[in-house]
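Here subunit A shows up in two complexes: once beside subunit B, once beside subunit C.
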Partner chain A sequence: MNNINDLRYREVLIECLYQMADDKLLLGHRDSEWLGCCPDIEGDVAFSSIAQDEVGHATFYYQLLHQLGEDDPDRLAFGRDASKWRNCMLVERENDDWTYSITRHLFFDQFDQIRLQAMCTSSYEPLQHGVKKMIREEYYHLLHMKTWFKQLGRAGGVATQKLQQAIEKLWPDVNGMFSFAGIEEDLLRFELIQLTPTEMRVKWEAEMKALFQQANMSWPGEFPQLKHDGRKGEHSAALKTLLLTMGEVYQSEPSAKW
Partner chain B sequence: MTEEKQYASFMERIRAGEKIEATDWMPIEYRKLLIKLIHMHAVSEIMGAYPEKEWVPRAPSLRRKLAIMAKVQDEMGHGQLLLRVVEDLSAPLGRTREELVSDIYHGKVKFHNVFHMEARTWADAGVIGWLVDGAAIINQASLLETSYGPYARVLKRICAEESFHMQHGENIILALAMGTDAQRQSLQTALDYWWESLLFFFGPQEVTPAAKQMMHYQIRLKTNEELRQKFLDKYVPRIQSLGLTIPDLSLRYDDSQKKWRYQAPDWHKFSQIVTQNKGPKSEERMLLRKKAHEDQQWVREAMRNHNISISSAL
Partner chain C sequence: MGMVHRVLVNDHDVTVQLMPTFVGCPALELIKKQTMDRLQQIDKKNRIHVEFVFDPPWTSDRITPDGHQKLKQFGIAPPQKSLQQLPSCPYCNQEDGEILNLFGPTACRAIYYCRGCKQPFEGMKVV
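And now, the complex of A and B:
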C-alpha cells in the first residue's frame, strides 16, 4: 500500500528516513575520525572505505527526504540542531579504543542488515531500490567487523580484556537501535517495513549470540531499559560537540557555496 | 660472475632502459638509494594525511565530505603500496614494516616540508589538494620512467589518483574564488601561507651527491630545479587567472633564459623543518603517528597470533 498522498504515510516515511540517514551520517563521521590513527595502514584504508559507504548511504536518504519536501541535504546534515537528530545514541558516542569502535560498528551493522532486509519489499519504491544496493555493500562491512570481533575475542590477553570492557560499555545502548519512536505500527501497516522491532531484536540476538560463542565471549544478558531515546531527539553532549565540529565551516557562511 | 661483471651488466641494463625487479641482482648503493627515496615518499604520503585529516570532519557539504574522505584514503593507500615496495627492498637488510613505521617518530626518515605545516582553514585544505598535490604530481610523473620496476608500477597508479586529487582541490578553490569576499580572502591568505613551502617542496637548487647518484642509476631523471620550473610553468598562469596575487613581487619569466626568476624560499628555515622536524606541526603529527603505532601494538599482536580464515566469519 503506497499512498504517498496519505498524510500519515508521508509523516512516518519521513520520520523513518531521518532515523536511517542520521544513524549513517554519524557512524560514517565517527569512522572517519580514525583516519591516520588505525593500528596499521591497511586498517586505515579499510575503515576509510567503510566511512565513505556510510556517508554515501546517508546522502542517499537525505536526498529522498529532500524529494519529499524536506530541506536541502546539506542543510539537514550541517545546519540542524541536536534536538532534531533521530539517530540512536550508539552511533553518536565517541570512538574510544579500537575494540569499542569495532564492536559498536558490528552491533550497528548487524542491526542495519536486519532493518535493510526488512525493507527489501518496502511499499516506497525509491527506498526499496536503494536498500537493495546498500545491502550488497553492508555485507562486507559486517564481514569485516565479525572477523575483527572473533579475532580480538580469541586473542586473549589485553585484546580480549578490552573487548569485554567495550561490550559492557556498549550494552546499555543496544536497545536504542530498536526504537522507532512510536512509528513502528504505522511502518508495518503501510508496509514500509516487514518486521516489528521485537522481531528484529530477536534476529539480532540470535546472530550475535552465535558470534559471541565463536569469539569465546560471554553474553552479557538482558538489555537495560533505555534511559534516553536518541530517536526522540534525546542526545548526549557528544552529539553536540560532533555537530559543532561538523558544521563549523558550513555555519561560518551558511548561504555561501562551498 | 664477479661482482665487477655483475655491476657492468647491471649498468648495461640501466642504460638500455630495462626495468630492474625486486629479485634481480643490484648494487647495494642502488638498493640503499631506492630505500631512501621510496621510504621518504611512503612516509610523506602517510604524514600527508594529517593536515587534511583536520578538515575531514569539517568539510562543508556532503559532497565535499565524501571527496576529502576518499582523497585522504588514497594517500594512506599510496603510503601502503610504497611501504610494500620498501619492505621488499629492505628485507635483505633485515628491516621490517614495524621499523619502517617507527622510523617516522624516531626521526630516522624525513617527510616533505609541506606536511610539517599547519592547515588552518578550509581554504588551506583546498590549496593542499590543488597546489601541494599539483607539485607532487609533477614530482611523481617525472619518476614514472624510473629504472626500478616495482616503483614505476606503483607510481603509475599513484599518478592516476593524484590527478583526481588535483581536480578535487581545484574544485574547492574555484568555489572559494567565485564565492563571498570572506571566502576569497581566506583563499588569498592560504596562498600567501603556502607559496614559500611549495617552492621549497622540490628541494635545493644544487644537485646533491645523492641526487647525482640517483640520476646515475636512472632512479630519477630530472633535477629539482627542472621540476620547480615545470611547476611554475603550469601553475603561475592558473593562479593568476583566478585573480589571486602570488606573494612574490620579483616573480617573472625570463625570456632569454627561458626560465622563471623567483624569490628563493628560506632554504635554511625549511631544511631545519625537514631534517630536525621543527615545523609548526611536526611534533604533534609525529606524536599522532606514534600513538597510532605504539599504543595499538596489542591490536597487531592479536591479529598475528590468532589467524582465523575470513570465510569462517559469516
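And now, the complex of A and C:
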C-alpha cells in the first residue's frame, strides 16, 4: 500500500531512507580512508572501488530524500550536525587495522544484503527499483569480504589473532545494525519492508555462523545489549571527527556551487 | 551497451531514458552530456532531454554482440553469461582468465590474468 500522501507513511519512509543513506555514506568514507594504505595494491583498488559504490548508493538515497522535500544532498552529507545522523554505530567507528575494516565491512554487507532483499517488493517504487539494482552490485562486496574472512581465519598466526581481536571489538556493535529506532512496525504495516528486525538478525546469524565455521573461527555467542543507538542520533566522538574531515571543504564556503 | 531504455517524443521534446550500468557510476553526467551534444548535432529543431531510470535495471546481458566486439577491440573482455564463468583474454582469446582482483579501475570492471599471453587484462563484470 503506497500512500505517499499519508503523513505517517512519509515520515517513516524518510526516517528509513536516512538510516540507509547515512550507513552507506559513512562506510564509504571509511573505505576511502584506506586509499594508499592497504597491505597490497589489489586491496587498495578494492576499497577504492567499493567506496565509490557505497557513496554512489548513499547519493541515490539522498536524492530520494530530496525528492521527498528534504534538504539538498550536499547539505545533508556535509552540513548536518552529528545528532541528526541515523547510521548504526558500527559504520562510524575508526578503521583500526585492515582486518578490522574487512570484518566490519563483512558484518555490514551481510546485514545490508538482508535489508535490501527485504525491500525488493517495497511499496515505495522508486526505492524498490534502486534496491533491486544495488543488490546486484553488492554481490561483489560480500564475495570479497567473505573470501578475506576465510583466508584470515585459516591462515593462523598473526592473521587469525588479529581476526579474533576484530570480531571481539565489533561484537558489541552488531545489534545496532538491526535497530530501526521504533519505526519497524510501521515499515511492515506500510509494506515498505518485508521482515522484522528479529527475522533479519536470525538470517544474519545463520549466514555468519556458516562462514565462521568455514573460517575455523568460534562463534562469540550472544550479542550484548545496545548502550547507544546510532539510529536515534546517539553517536561517538569518532563521528564528530569524521564529519569535520568529510565536511571540511564544503564548510569552508557552504554557499559555493560545485 | 544496451543502456537506452526508450526514446520519448512529445511535440518538440525528445527524451532519452538511459539505464545506468552502476548506481554510483561517476561517468553518468558525462554520458548525459555526450548523449545530449550528439543528438543536438543531428537534431537542431527539437529540445533534447536525457534522464536516468532504474526500472528496468541495466544488466550486463543487455550488451549487444556488436557491443561485445567493440569492448574486445578496446581491450576489455565482454561480460560472461554467468558469475561462475571466467572471461577469455581480449588479446589472444585464451579461455579462463585468472581473477586478479574483483575490483578494477571503474565499478563495472574486474582485473584478470591471461595464462596464454601472460599479461593482465580487464573484463566487464557480470551484473
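Methods note: the second predicted complex is superposed on the first by the 258 of 258 C-alpha atoms of A that agree within 3 Å, B and C clash if a C-alpha of one lies under 4 Å from a C-alpha of the other, contacts with A are read in each partner's own complex, and residues count from 1 in each chain.
Definition applied: a residue touches a chain if its C-beta (ideal position, glycine included) is under 8 Å from a C-beta of that chain, and two chains touch if they have at least 3 such contacts.
Bear in mind that the values here come from a model prediction, so they are computed numbers and not experimental data.
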So, after the overlay on subunit A, do subunit B and subunit C clash or fit? They fit
Once both structures are overlaid, the C-alpha centre of subunit A sees subunit B and subunit C separated by an angle, to the nearest 10 degrees, of 50
Looking at the overlay, does A:Gln164 come into contact with subunit B only (first), subunit C only (second), both, or neither? neither
Between subunit B and subunit C, more residues of subunit A are touched by B
Message = Applying the document's definition of touch, where does A:Glu248 land relative to subunit B and subunit C: first, second, both, or neither?
response = first
Problem set entry | Partner chain in contact with A:Gln194 - subunit B first, subunit C second, else both or neither | neither
Message = Looking at A:Cys38, would you say it contacts subunit B, subunit C, both, or neither? Reply first, second, both or neither.
response = first
Worksheet item: Is A:Ser236 contacted by the first partner subunit B, the second partner subunit C, both or neither?
Response: neither
Using the superposition on chain A described above, determine whether A:Val55 touches subunit B (first), subunit C (second), both, or neither. both
Next item on the list: Examine A:Leu152 and indicate which partner it touches, taking first as subunit B and second as subunit C; both and neither are also allowed.
Entry: first
Margin query: Is A:His29 touching anything from subunit B or subunit C once the two structures are fitted on A? First, second, both or neither.
Written below: first
Next on the checklist: With both complexes superposed on chain A, which partner does A:Trp98 reach: first (subunit B), second (subunit C), both or neither?
Outcome noted: first
Smallest Cα to Cα distance in angstrom from subunit B to subunit C after superposition equals 5
Where subunit B and subunit C land on the same part of subunit A: residues 42, 45, 48-49, 52, 55-56, 59, 143
Per the touch rule, the subunit C residues reaching subunit A in their complex are 20, 22-26, 53-55, 57-59, 83, 100-107, 111, 125, 127
Touching subunit A in the complex, subunit B uses residues 46, 49-50, 53, 55-62, 64-66, 69-70, 72-73, 76-77, 79-80, 83, 101, 122, 172, 175, 178-180, 182-183, 288-289, 291-293, 296-303, 305-308, 310, 313-314
Note: in the complex, subunit A contacts subunit B through residues 29, 32-33, 35-42, 44-45, 48-49, 51-52, 55-56, 58-59, 62, 73-74, 77-78, 98, 142-143, 146-147, 150-152, 154-159, 162, 245-246, 248-250, 252-253, 256-258
Note: in the complex, subunit A contacts subunit C through residues 42, 45-46, 48-50, 52-57, 59-60, 125-126, 129-130, 132-134, 136-137, 139-140, 143-144
